[in-house]
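Going by the order they are written in, the chains are A, B, C, D and E; count residues from 1 in each one.
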């Protein structure tokens, strides 16, 4: 990832500042700071027309300072200011009982549970399909194109109908939402695992053959461990997309609870700040989930002798 | 092409003359998109118990293919071949041979110990026996003390020794080695050559060995099979007059150089431009 | 350690004694997470115009590092080095040398022709001149007729020749080659060795050549630099008494074997157990 | 068991057996092999449709829940003008334009931050965070910002496609080996020469990976965005309104069109990939 | 107790207060019923739930019920607690719109999912084509909120008297800033929030009897809610799982809902016929193409009285 080809790396011990710049935290903080600044600028810019309108309707005199202050404190802004969002998140997480329906963590938990269920089913399904594809020529040839085609169906758009139909055949509660997640998450797993199961080199397979190993032995002692790195990489993608599926799945089930419901309710009642806080909670949840899979990956890989 | 027809014939092996591999009129043709590739044609060869036979020849001449046929990894399309008097498939099912590939090919997720235990697990050895054998074979290749290391923590030469240990761990009398030292540097290679000779002398195994290196072939073998490509044929079989005890500097002796010269001539004759 | 101190000293090159590379007290230490690695320490070496200098030594002794310092791909941390009387960076900017890496490293998306033309494009040669030079250098390495092939359609030996052609296409007087034939089989290697010697004789280039093979080093070089690791030092410099004309079977001559023996001894002395 | 169900299951068994047999064949000629490569999945797809048809009839499923493929086909043929108008609005405008802008911007950003490891380290984690924002949350906001017509859908597509492209391109730019970069250095090659002659070609497989992922994401994004406000045309609009009118066959007709368009789009990108990265080992066989 | 599952058309809010009150106050229990209330959501059709067997009875608007009926999902109106329509068109005054005729050349935002038909009918009465031309109007599908009006993306938007209408004020506009057209006043009202069941079920006298008890208890809930709007709003809030509703808004909604309720749950055939007519005239693409038969029954409401 050398940026320039024309300067040789220098190998002197670097001062603390340089070291910090080459770590991750400081760059993220600085970029984050810049983004916040831009965000504030846009808050003023996007909310100003409405605010000026309001001043004029009320006939108040106003200064630019007033405008800046007021655009950041609107009740239903076009774009809420960062501190409004933070305040809302704080209020709806730390400010309420954890079990209360007004607590964002409560909703995150609801979403999380169907995310995880969908993710687990999706991963299992993906792995099973990949096993079939790797071991059966007919499956390999016939299923793979349709697996790709399946992802071009706008499942997010038909999710409401799917949920209702699933309800109609007696599936209700967590499962229908989870199945939307499953539909989205099995795909990266199949693709990754087919690649992974095929990653052993020909001579490694031959080696197993010289031992007269059975299919199951070859699978468990060679293909499976060889595919594990691929599994984790796909699971990272799958868990993030699972979350999207769970949120979408929450919309039509009566938007009862969960982050999707918060998004929706926020939209119905014009509560922009609530939408943004739900959005951020969702993204944070995704980050945490991906992080957890990453930790699992590191742990398993360490046990499997991965170079640190 | 061959200066001395007298030593070209198949010589009886120094030990008892019990054949381990017998190929007669063996041929193998691969069907590819660009038409058939004749990898082996009309190969007659017998390897007797206790021999160390090297296969040498230009790239693509069918050395690997021949070893793979013995190992039942490829099916011949002509002629016949017996391994320990059985078909290669039966021999494979009886786990008649150990195979060492060019790359060490240790599984990176297993420790050295676990790698060597792999064939034993598959063949259903008991835990205690696995332990004992792993210990013994790692000792044999001078890797005691490295049991718990992962492959990447070892040098290339050590990895290659571990892979040999893996092929030795179960008691196959026949060892098939396909350029096992091809990727190593000369000094390490010399070292492993010495150890391999020593091991062969001690265990009395039969070894089929593919190499690209003339000195290696001459240094190790009791018999050198020179092959030529398109189609892969045996052009020369040279019986080594070297004694069983071979210090490394035997390689500077006139007999050694003479055989090396003969092998080189044989090779050159069969070698087109690449 | 060195039997004959008389031939150890730097010998004047057969041609004019104009230095192309001059290293004095050269040292390079890599800072790694596990502490410093002394890749080179206190290297004094002069390569004169028209010489063919081989570097040999166990893995990790700093051969590659030394070549890379000459090529301005690494910065020395001690001592000094001049290339054509300039700093390596100036020399690089003046395109003073061609570099051949161990792996052929041809770009798979370019045909052989386009690969060889790559440095010419970068250096801004005109289209006509590019064409002419590519043609000429491909001829030189016997690859005429393969211009339109992609690298993966060629054998390993042919790829390596194409990569040599790429380094020859622009007229650098200095050629740095880092184990260019390491991956090839012995026959092909012999063949390329012959061609390289021929090319060197015809063009009068200066060549710095890294290898693991003792016969290769002895066969090719006017001078052999033996290195030992931790830290990388020059332990021996052997001037070859072989004539400039070298048929392949010079390798079976006593002089040849004597030098080879000396090199082997030098190596062995610097080589620990792996 | 009634006849529709039994028939469907029998068909399934027969098709399966046929496919097993076909897959076992090892024809010599390249054409036959290629034809088999199409025939086998086609048989599989037809089987799916037949089983679906059988299930709907066999279980007497109400047409407001699920329509059989035959009815969907009838609907497709009778509603071509509507479908075409929706396709134009959603695919030709929102998807293609958003895709081009999103992929283009992701690519250029990657090049721009390529020279700054600092920006890479700062931007990539945040980029991952942003791409984890669910579109259904972002879409209404973009509709609010960019209006009802296709630009807001294109904006959604831009957001969805930007980060996959950015991440893959950055990864791809790092993919060329050190040796290759050293080689360029020995030629005293400039940054741009190295970029165009080495690093971009080496990055092509990664870039195509993003282009393929994005080809399906783009369509989904545009369709979902239409749920949050649109002029009265478009594939997402049609899907959401026709559910309300109980025209489930029309919904499936749109889904079929979306799947077809998506698959063709994907296929086109894959073909282009084959042409451009013909040299990559994964492309060389077959 | 007999089980009854009720599928709502929308999320939990005071629009459905009667049912929540009846459940909370034990009115259903008094009728020996065990009622489960399933909230609805956007883009999900209650009819599908009913047909799929996920519910016994649903709350729906007559237009979509009739549409479903024509498409092969035979649903029947068994009761009509809402006698009046709450649908309005809200315009910004600054656009210059004073009368419906002024819609010409303007952009109107409407919900779809069956809600567009009354508007289409109105426009064809006004002689305004919906093709976006100078002489017609531009129709846009909007989400279920008032942002398009606030952001001036549409000149007028549909709004329920009990919900979106108030959000316009919450956002800071005043009565002076907007013009409101009531669908009822314009003669294009359709019947909203009725109770529907599957036709086949009605053949079972036990089912009819169960529905009668359900309607009776529900109406008791509605009457209680009408009399105690604050408490009813609180009950709704208690049942809202999103935790996003506010007391202020729900109380206000309850007050408006009360104005729409009829004296009892009996369907007014006049209003029914007007809805049907409205739908039949839907222009080039009508919701229903022929006069529906047997789309309602008084049997249940008679029993419930």
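The definition used in the following text is that a contact is a pair of C-beta atoms (placed from the backbone, for glycine too) under 8 Å apart; a residue touches a chain by one contact, two chains touch by 3 or more.
The model shown is predicted, which means the values in this text are computed figures rather than measured ones.
Taken together, chain A and chain E share the touching chains D. Note on interfaces A-B and D-E: more C-beta pairs are in contact across D-E. Chain C has its Cα centroid 33 Å from the Cα centroid of chain B. In whole angstrom, the spacing between the mean C-alpha positions of chain A and chain B is 52. Between the CA-based centres of chain D and chain E the separation comes to 38 Å, rounded to the whole angstrom.
Averaging Cα coordinates per chain places chain A and chain D 19 Å apart.
Shared interface positions of chain E, defined as residues touching 2 or more other chains, are 42-45, 48, 51-52, 143, 147, 151. Residues of chain C in contact with two or more other chains: 72-73.
In chain D, the positions touching at least two other chains are 65, 140, 144, 184-185, 189-190, 227, 240, 243, 248. Across the complex, chain A is touched by residues 8, 11-12, 38-45, 48-49, 51-54, 143-147, 150-151, 167, 170-172, 174, 177, 240-246, 249 of chain E.
On the side of chain C, the complex with chain B involves touching residues 58-59, 142, 155-158, 185-188, 191, 212-214, 249, 252, 257, 261, 267-268, 271, 274.
For chain B in complex with chain A, the touching residues are 68, 71-73, 92-93, 95, 97-99, 101-103, 105, 107-111, 118-119, 121-123, 150-152.
Those residues of chain D that touch chain E in the complex are listed here as 62-65, 140, 143-144, 147-148, 226-232, 237, 240-241, 243-248.
Here chain A touches chain B in the complex through residues 201, 203-204, 206-213, 217, 221-222, 225-226, 228, 304-307, going by the rule given at the top.
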